[in-house]
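Next, two complexes with chain A in common: one pairs it with chain B, the other with chain C.
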Partner chain A sequence: MRKKVGIIACSGEELLGGTLSRAAARIVVEKLRSQETIILCAPLFAAGGLERHGGQEERNFAKEHPTITIEGCEEECAKIAVDKYSGPPAATIYIQKYIDAHPELKSISRESLGEEGMKLAEIIAEDIAKKVDELFIRK
Partner chain B sequence: MSKQKVYIIPCSGIGKVFGSIGRESAYIVVNELKKEKSALECLPLIVKGKKKVIDTLKLNKVIAIDGCPLKCSYNNLMENVGKVDAKFMTTDIVKENRDLRPESSIMPIGEHTKKLAKKLAEKVAQKVDDLLKPNEEGELE
Partner chain C sequence: MKKLTKEIICILPCNGLDKSLGVIAREVSLMVIEKMPDVQLICPVLLNNGDKRYEDLIQTSKIIIINGCMTRCPTKLIEKRKLKPFKQIMIPDMSKKHKVKPSKDLILNEDNIKLAELIADEIIIDLNKSDQEKNIDIREFQEQEYFDITVDKYYFTVPKKEGYFFNENDCWIKPEGNTALIGITDYLQNAASDILFVDLPELGSEIEQFDDVGSFESSKTVLQLISPGAGRIIAINKSLEQNPEYVNQDPYRKGWFVEIELKNFEEDKELLMNGPEYFDYMKIKIMKEKNHLDQIKSERDV
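The block that comes next holds the complex of A and B.
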């Protein structure tokens, strides 16, 4: 099986952290590590057993591949779901840590990150990409 | 009179543009069209079963917006909250507007995608009013 890393962003719609998590995930899978990563949808992942056995494919993938969760707030929704259904994620990224570390980069809103918010998402994505590389080296 | 709100719960899909249409339309409803009557909540928190959120949703009206046939929003709301007062599929608004083929770009979304989100938001906003309209007995629909 070809090795890939699953990226699971909390993607919470109500919070700025959710939007940043989504943006960072897209940057990783579209630009930075497009060959090495795929996105797993968090609610679908947790929705196993529902109509058409929604999350089973995602869960099986995460059992067989390393995963990185991205958390938009302290609730750790993505990490908890992965832990529960597929085992511990290889790494967890906390968005708040980056917001605190870069007060100069102010996102406009949860609806639109704006230029500075996108820069912050890129910084987060760079770190995720480094984690992806570490996982590849480890194997 | 009741201070009930309508919670709009879009699916969290980030792999395809259909999830983006749902999320964008939810933002238009809660920020512009029905600012006082509607609110958002995170689907992942509902999936997780966060009690405070679940209790709030049970006491209010809930609209699910889904972007694919797996219907994560609808199914997870039914599973965790036990009800959905109305539901929408973003693919329906795409089918109804063949001239507005959504761009594949998710970040940022394209002009057609924005227009589709606005059209869907208008439908959802109408549903918000319907759900908060008292019936003949003076109760909410």
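The block that comes next holds the complex of A and C.
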């Protein structure tokens, strides 16, 4: 049985990159590669899990499975967290690169993507899905 | 004299993307921020990574935590820093309380959105409540001496201390620099008898000299405070809403109504009396009333 790929998105609420990263992660996990991926909770990663479960579920998953981090800004919170608790991520996606590449796809606000913002999230999600496929090929 | 300071409020949601509970937590925080744009949103992951701006902010803010699940990630982040949140919300508890099941997938259904709205409203109500409590502007006043006169069973006072000015409507103003406290005199509170309600004006409103800037109601009557000065209202004595009796007990100090930023007090002063002048004016007024009442009484007795 092939290992699932972990997807961990930036949790940023203060910036559009955070909203796009969350939307793209969900498109991958719920639609594009629902069988191959599992979503990881970034805050849980940061704080550690339930003590009675050993407190390390998300972190252990990322230790044993390839994990893709999606970064909403240059802070690279998801990458830093994965790196710190589980080892280097398998791949990192930078949302800003997509925002710069598609100036025509403008979101309504940092919280609300609107139709054009969702199109951009889908483009990002397609690329994440490709990364997932690459990781499967590598395996 | 204490001034009102604006407190920073932060909201630290779970933001978890692996369960709908986390998505509800996020939705709640966005709803609060939409209604209260001054509230600062904190990203738990960035906080965990040691963002300096967040670290500084949470040390001096009122923190609201929204936990998506029993792991209580945001709570852990705050406890780790030995801070105490103002309010903690557990989405599963709220879901039980409001009998709304979280959706199984990450897309929130209509009921979940409603649940988020209910929780956001509860947070806003709590914040407003605490704001009102904070706005109870308790000031310390020094003991002071009074001119006094007793007529029948009634006792009337006027502060001896310089600095109080009075209009003919029995209201006082006490300037200090470019601000001034305003209230009603002992004569007026006696005339009103036991004050049951005080209606105060809105903060920030501009008033002219002799404008009506508030009213108070007793079992006998409703009377107005007629401002002895012009300016902008910068503080109101919120404690009078809970304790209107302060006006009866201590009209020149604890019973103050509003504080204004003065516009041109030198001009206002021309139409006002100082303490001794008002005391004389008040005595004449009291005696006239007493004579009038005595006359009515004697006519009735005849």
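Quick note on the criterion: the second predicted complex is superposed on the first by the 130 of 139 C-alpha atoms of A that agree within 3 Å, B and C clash if a C-alpha of one lies under 4 Å from a C-alpha of the other, contacts with A are read in each partner's own complex, and residues count from 1 in each chain.
Going forward, a contact is a pair of C-beta atoms (placed from the backbone, for glycine too) under 8 Å apart; a residue touches a chain by one contact, two chains touch by 3 or more.
In this text, all values refer to a predicted model and were calculated from it rather than measured experimentally.
For the composite obtained by superposing both complexes on chain A, the positions of chain B and chain C are in clash. By the touch criterion defined above, A:L32 reaches neither chain B nor chain C. Using the contact criterion defined above for the overlaid structures, shared-chain residue A:S11 touches chain B and also reaches chain C. In the superposition on chain A, A:A23 contacts chain B only, with no contact to chain C. When both complexes are overlaid on chain A, the residue A:I124 reaches neither chain B nor chain C. Legend: residue contacts after superposition of the two complexes on their common chain; A:E111 is shown touching both chain B and chain C.
The contact surfaces that chain B and chain C form on chain A in the two complexes overlap at residues 9-14, 18, 22, 25-26, 30, 39, 41-44, 46-47, 50, 75, 77-78, 80-81, 111. Considering their complex, residues 9-15, 18, 22-23, 25-27, 30, 39, 41-44, 46-47, 50-52, 54, 75, 77-78, 80-81, 110-111 of chain A touch chain B.
Considering their complex, residues 13-19, 22, 26, 29-30, 41, 43-49, 51, 70-74, 76-77, 105-106 of chain C touch chain A. Interface residues of chain A, counted against chain C in their complex, comprise 9-14, 18, 22, 25-26, 30, 39-50, 75, 77-78, 80-81, 111. For chain B in complex with chain A, the residues that touch the partner chain are 9-15, 19, 23, 26-27, 31, 40-45, 47-48, 50, 69-73, 75-76, 79, 106-107.
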